[in-house]
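These notes open a run of structures that come right after.
Two complexes, one shared chain (chain A), two partners (chain B, chain C).
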Partner chain A sequence: MSVGESVARKDGPDKVRGLTRYIDDHNPAGCWFGATVRSAIPHGRIKNISFPKGTRWDRFVMATAKAIPGRNCVPFLTEDLVLLADGYVRYVNEPILLIAGPNHDEVERAARAVEIDYEPLPAILTLDEAIAAGTTDGCQVPRPLHIRRGDIEEGFARADTIVEGTYRVGHQEHVYLETNGFIAWWEPDGRVVVKGSMQCPYYVQRALKMLFALPGEKVEVIATPTGGAFGGKEDFPSVLAGHAALLSREVGRPVKMVYNRTEDFTSTTKRHPARVHYRTGVDKEGTFTACSVDFVLDGGAFITMSPVVLSRGVIHASGPYHYPAIEIHGRCYATHTPPNGAFRGFGVPQVFFGIERHVDRIAARLGMDPVEIRRRNLLKPGMRTATGQLLRDGVSAAEVLADAVDRSGYRERSKRPAPGPGEPRRGVGLALYMHGAGFTGSGEARMKSLVGMRLTRSGRVEILTASTDMGQGTRTVFPQIAARAMNIDVDQVFVAEPDTARVPDSGPTVASRTVTIVGRVVQQLAETLARRILRFVAEEQGGGPDGYALQGTHVLSREHGTPVGTLADIAARMTEASGDVYLEQGYTLNPDIRWNEETHEGDAYPVYAWGCTVVEVALDPDTLEVQTTQVTASHDIGTVVNPVLAEGQVEGGVAQSIGYGLYEEVHWHEGRMLNPGFTNYVIPTSVDLPDIDAGFVENPFPDGPFGAKGLGELPIHGAAPAIANAIAQATGIDVCELPVTPERLLAASNAAAQGARDDRHDPASETKKGEAT
Partner chain B sequence: MARSLAEIRFYTPKTLEEALAIRAAERSDAMPMAGGTDVMVWRRAAPDEGPAAYLSLWGLRELKQITKRQSCIEIGATATFAQLARSPLLRENFPALVEAARHVGAAQIQNRATIGGNVVNGSPAGDSLPVLAVAPAMVVLTSKGRGTRRVPFGAFYTGYRQTVLEDDELLVSFELPLPPPGTWSGFEKVGSRRAQTISKVMAALQARLDGDTLHGVALAYGSVAPTVIRLPRTEALLEGCSPSERLADDVSGTLNQEIAPIDDLRSTAAYRRFAAVGLLRRLLRRCAAAQGRAAA
Partner chain C sequence: MIVTFTINGRSCQIDVPGDHRLLDVLRVNLGLTGTKEGCGEGECGACSVLLDGQVVNACLIPVAQVDGAQIVTVEGLEAAGGGPLQEAFVALGAAQCGSCTPGMLMSAYGHFLESLRNGDDPQDREGIRHALAGNLCRCTGYQKIIDAVSKGYEELARMPSLPPAAPAPQTGHNDPSHGGGPGHGSLTG
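After this line comes the complex of A and B, so read on.
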């Protein structure tokens, strides 16, 4: 019974003892170092690249786009992203030229000495500028998305009150502990091998195939232990692997490229900035009658993952609520800034800040309790979502709301007495949310995630998967699932190093899909392997397979309850008799899932996971500093496979969401990041974080492994909007933009005071039905 | 000109005399450094622009002492913030300096960073500066050729990161006059989070409590002007008043005339003005509480 137990993480002891070898710990013999020369301007043509005197250029090897033997393209959903700018740049720090040499510091210095002349072109640097301009020169955008259900006009006509609001969020940096890094080399047989920190070995393989015009068997990608990723190593590693491989091809030696923190901050992807506008009709009882949503993203200079970030945002934009009529419009604009990419939550934290702040503002307008308005409108089994998906089982919005409200003492905390002079003002806020795990619609049917499983000669079970462990626990929970399916000890099971030469394509390690999708295949394979072992024993010992059972490290006779042999002995004989005992299987999506990509109608996800986060804040009246003092989270992730790891995911997600809500902000000047370091890109430290009470409501998902849904992204949705709601409750300040820094609070408070003064002269400004606020 | 570490000359004198001789010979070519917590960060940020040589003062034991003299406490320039934070002498006489020392960076930084480095670096966000301004400290400078001179802290800075330190001189110590009985001092800082943060605004207040009124008021702010500043007109308004948080609001107009904060990466001028008053409110509230305890 290893599912549901807090099995110690298998990679833990090595990490604690400092033995884990990350990519920067690898130094192959004769390895050279690579550096990147990047664009100094946001948009323009490259007129000339020169190599001034003072550097021994003959001691270095260089590569530009001209050196790429295949296509100068890093493919994602589209094929617009270039590996190296070729005469034309679209953002500050776009890579232009690569340089390698035997000494790391000398290479970095040489890279800084390269001079590039540009012909600057007008640049579009912010979402607002992009919206105003309509198009952005040199950049493509994904197609807009629209969802429409019910009679919108009728819904708004029926409303007693209409509330509108615009909510804004900026970039967020992933801040994984380990920066991006790769080592690449070419084997004499013409194969290219890259190893590094990543989430998606087969994405990297696909990119290298295109860049070097090679078949898959000539491209080997090995994922080293990865020190955090959060989506930041879904897309970008394909670029860095391409750079290292290209340099290595030119040099004829292994080439290592590991970014320092500054380069990682300035040059890799971030969370998409967004603006979301809600217009909601509500009747006297507080029931929603209609909703119109306009969701706008800043994709940066290239498309990369934006179409699916947009899609996921649009699908989740209705929140965990039911509307008789709803329309959702989503657009993504391009700017001359670094491409934005995958980040835990993937377009959803942006819309949940909007919807959850908006629902509190509706409640305030109606004088309703924030819990009550949610209870009245939340999705229940039998209802349809905005995409028309009929929800059957596994709907826990009501349960997680009740659980979080009860455990947090939300009611008592909302009724605190007014603070004395100098005492902090306390507020409590909540956010209710859901997340669809796995790829959208029929994506998992197309992906067919393959997993391999081998019974080794010594009787251990090896899981071969491209799903990486970036700290979230793949190497521990997959063995738990397999061990449970086979009824053997979890120590008998291990996960192979993700190496595309050995492991099949299980799809990318993204979208909260590892446990619920790939883990399901692990479960099925383990069940098959167990049957095969028992069949072998039955053939050997006589009787039917049903007469035997696996237990721990042994096979037992069911009749006598006594061991008939160890798994090790039996495995040795099986291998002797029939060779390698290896199984491989793909994922089968439930055939009832129906999805229309064109219209965004149907079953967006096989199942949703649900969550509610309650945050209490204390606001210092002297400085407007906000401290989170208590977080209570309730999540339905189906069956909890490993409680300690699951709590860790929740605590990490809450911390990252507190960062998004209160601290984290990327400052830009003319397309350049001004705060690429921990001095001025502020993340919460341990003393800035409160106690986090992470509870679970287990509502099993029949198609998941032993009932498990997805978890990774869900807990990042709640804290930021809950903080904004708590601050609004404590201060009355209408917070509509993240992060809620003291500077922003002061500006909002001053603007509100100014507005109140203006209103005294304008009695007609009292909002009535249909008017904007 | 870019240099690798191997090309850099690194002096490690064993005595102050030796250090002053190197300083006199190298002048501005060798940058004096102690804990290196600023200097090493600059090197990493701009590896092509660093100096050709460093003069390490880290090994000079004579500059690390915190000593009680007849009328002052002398703090060696390379005393670390960790040393300051646990000094019984400072806890007794300059609790504000202990508070400021505890706000500097992280524990690791406090083990390396020195008060002299903080002052010579001259960032208006240096945590120890407002406390030295209200003490008020005397800055002791020494050179091989010209001997020792004492500069009042208020005259040490001539502009943003500009000081009177000559290129043959080293800052060797600070002399903080022993405060008269009944003196209260406090330090307050607002940064971007609770720990390991550069200040957006900070303030130090030192005053003698005579009955329930403030006398000899000294008030200094950091991060609100090109250098750390004293606020003489606000001090004059506070003189003879009874400390209370309302008092901060009463003097906020004058306070805001005396500071000149700017918008930058870390904050806005408007917020700094707001928080400057808030920090004074905190200080006066704490001072009033201390006075209440003394009376009781």
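After this line comes the complex of A and C, so read on.
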């Protein structure tokens, strides 16, 4: 019975002793170090690359795009991203040339000594500029997406009030504590092996196949223990692995490339900046009649993951609410800035900041309670989402809202007496949200994630999967699922190192899909393996397989309740009799799921997980600094496989969302990141966060392993909008842009004062029925 | 220059330029890769070690500065008395990705030792938050870390004899697991 128990993480003991070997802890004999020469300008042509005197260039080995034996392309959904710029650059810090040498510091110095002449071209550097320009020269964009449901005109015509608002968010950096790193080498048989920090070994394999024109069996990718990722090691590792492998091919030795913090900040992907506009019709009772959403993303200079980030944002843009009529339009623009990529939440935190702020502002307009307006409009079983998905069971918007409101003492806290002069102003705010687990639509049917399972000779069960452990606990929860399915001890089960030469393609470790999708296959395989063991015992000992059962480390006779042998002995005899006991199976998506990618209609996800976060803030009236003083979260992730690990995911997600809400902001100048360090890109420290109360509502999902849904991304949606709502409650200042820094608060409060004076410029314009907007 | 110091109870002599960072000497020359580099600028605490019983960022310390000093890294934490903290980190889920964990543990143990020296109560939750403010963690929201530090302190306080502020030198031969790096340091027992 290990599902539902807080089994201590299996990699914990090594991690606390400093024995876990991350990529930077490996130094193969004879290894050289690689560095990257990057573009100094955001857009332009490369006229000349020169190697000035003063450096012994003969001691280094270099590679440009010309050295790539296959295609100069790192494929994601499209094939536009280049491994190395070839004569033309599209963002500051785009890689142009790679350089390797035996000494790390010397290579770094040499890389800085390379001189590049450019012919600069006009650059588009912000989302607003891109929108104004229409499109970006030299970059591609994904196709726009549209969702339409119901009679939108009729819906607005029926509204008593229409509320509009525009909400903006900027970049967010992942700040995994372990920076990106790889070691690559070539075997004498022509195989390339790369080892590093990543989420998706088979994405890296696919990229290397294309770059080096090699078949899959010639490309081995090994995921080392990954020191945090949050989506940031979904896409970017394919680039760095390509760089290290290319240099290694030129040098003829292993090459190690581990970014320092500055390079990781300036040169890797970030969360997409976005602007989302809501126009919502609402009747006198506070019921939504119609909604029109315009969602715009900044994709950066290459498409990479943007089409799916856009799609996920668009699908979630209606929030956990029901609308008789809705239209959602999504577009992605290109800018001459580093490509934006996957980041926990994947387009959804951007829209939830908008929707959850907007709903509070509608409530304020109507003089309604924020809880009540949500309760009135939230999705319930039997309703359809914006994509037309009929929600059956497992819809917990009402439950998580009630739970978070109760446990946080929201009601009492929102009725606090006004503070005395100089005292901090306290406010409480909430946000309600959901997240679709797994790939969108029929993605999981196409992916057919494979998992392998082996009974070792010593009676242990080995799970072979490409799902990596970046801290979220794959190596612990998969064994829990298998142990429960087989009724054996969790210590009997372990997860193999993710190495493409050994593990099948279970798909990427993304999209909150690991437990609910890949874990489901683990459960099914474990059930099959248990049956196979019992059949073998029955053949040996007589009777039918039903006469036996697994328990702990033994097989028992059901009739007598006594052990007939240890798993170890039986496994040894099984392997003796029939060789390697290995099973492999793929994921089967529920065949009832229907999805139209063209129109974005149908069952967007196999299941949604639900959440509500309540945040209390204290605002210093003099400095306008905001401190979070209490966080209460309630999440329905179906069955909780491991409560301590699940709480850890929630607490970490809340912390990142508080960072997004209050502190984290990338500053740019002419396409260059100005704050690539911890001194000026500020993430929450232990003194910035309050205690976080992470609770769960368990509404099991029948198609998930023992009822589990996805969890990883969900908790990042709530705290940022809840903070802005709490600030509005405390001060009346309506902040519509993140992060809510003192500067931004001051600007918003000045704008509000100005707006009150001329009564024109309130960002949430309200119009009565029939009035023009 | 030749630098001599005690590392995790063993004395060690090493010939390196004196301006090399202690962090590199530990990780590369001595193969003690448990100490992590998160920023190299003294801002994240991933490289925290104990230097004569005080928490320092090994990325900011030129190795010349540690001549004659006693250094404890995460590999020596258990022997130095910090085992209960390590156990609590595992039991309460305080390590997720684990990158911040070694530094976090060293800061937590340093805070405990310092509280003892100053006669303060190490258990004060705000005090723990402040002691760990220089150690960034991106995975946990610090909740389970603070819970685990608190539990570890409870266990430490229960121990019959309080741990020495810095570990006593141990005898014994080189531990081969410490010799992984291609460096030219020597550990002598």
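The definition used in the following text is that the second predicted complex is superposed on the first by the 758 of 773 C-alpha atoms of A that agree within 3 Å, B and C clash if a C-alpha of one lies under 4 Å from a C-alpha of the other, contacts with A are read in each partner's own complex, and residues count from 1 in each chain.
Criterion: a residue touches a chain if its C-beta (ideal position, glycine included) is under 8 Å from a C-beta of that chain, and two chains touch if they have at least 3 such contacts.
Model, not experiment: these values are computed from the prediction.
Asks: Looking at the superposed three-chain arrangement on chain A, would you call chain B and chain C a clash or a fit?
Replies: When both complexes are placed onto chain A, chain B and chain C end up side by side without any clash.
Asks: So, A:T679: does it touch chain B (first), chain C (second), both, or neither?
Replies: A:T679 sits against chain B and chain C alike.
Asks: Let me test your reading of the model: by the given contact rule, A:L19 touches which partner, first (chain B), second (chain C), both or neither?
Replies: Only chain C is touched by A:L19; chain B is not.
Asks: In the overlaid three-chain picture, which partner chain does A:K415 touch, first (chain B) or second (chain C), both, or neither?
Replies: neither
Asks: Determine, for the superposed model, which of the two partners chain B and chain C contacts more residues of chain A.
Replies: C
Asks: For A:E743, select first, second, both or neither according to whether it touches chain B, chain C, the two together, or no partner.
Replies: In the superposition, A:E743 contacts chain B only.
Asks: Taking the superposition on A as described, I'd like to know which of chain B and chain C A:V687 touches: first, second, both or neither.
Replies: Both: A:V687 reaches chain B and chain C.
Asks: Please provide the least distance in Å between a C-alpha atom of chain B and a C-alpha atom of chain C in the combined superposition.
Replies: Minimum C-alpha separation, chain B to chain C, in the superposed model is 5 Å.
Asks: Same chain A residues contacting chain B and chain C, which ones?
Replies: 679, 684-685, 687
Asks: What part of chain C is in contact with chain A in the complex they form?
Replies: Answer in residue numbers: 27-28, 32-41, 43-44, 46, 73-75, 77-78, 86-87, 89-93, 95-102, 105, 128-130, 132-146, 180-182.
Asks: Report the residues of chain A in contact with chain B in the complex, numbered from low to high.
Replies: On the chain A side, the touching residues are 105-106, 108-109, 112-113, 262, 421-422, 620-625, 627, 663, 667, 674-675, 679-680, 682, 684-685, 687-688, 741-743, 746-747, 750.
Asks: In their shared complex, at which residues does chain B touch chain A?
Replies: These residues of chain B touch chain A: 2, 4-5, 45, 47-48, 190, 192-198, 245, 265-268, 270-271, 274-275, 278-279, 281-282, 285.
Asks: Within their complex, state which residues of chain A touch chain C.
Replies: It is residues 6, 8-9, 11-13, 15-22, 24-25, 27, 29, 174-179, 225-230, 260-261, 470-473, 644-645, 647-648, 651-656, 677-679, 683-687, 689, 691-692, 694 of chain A that touch chain C.
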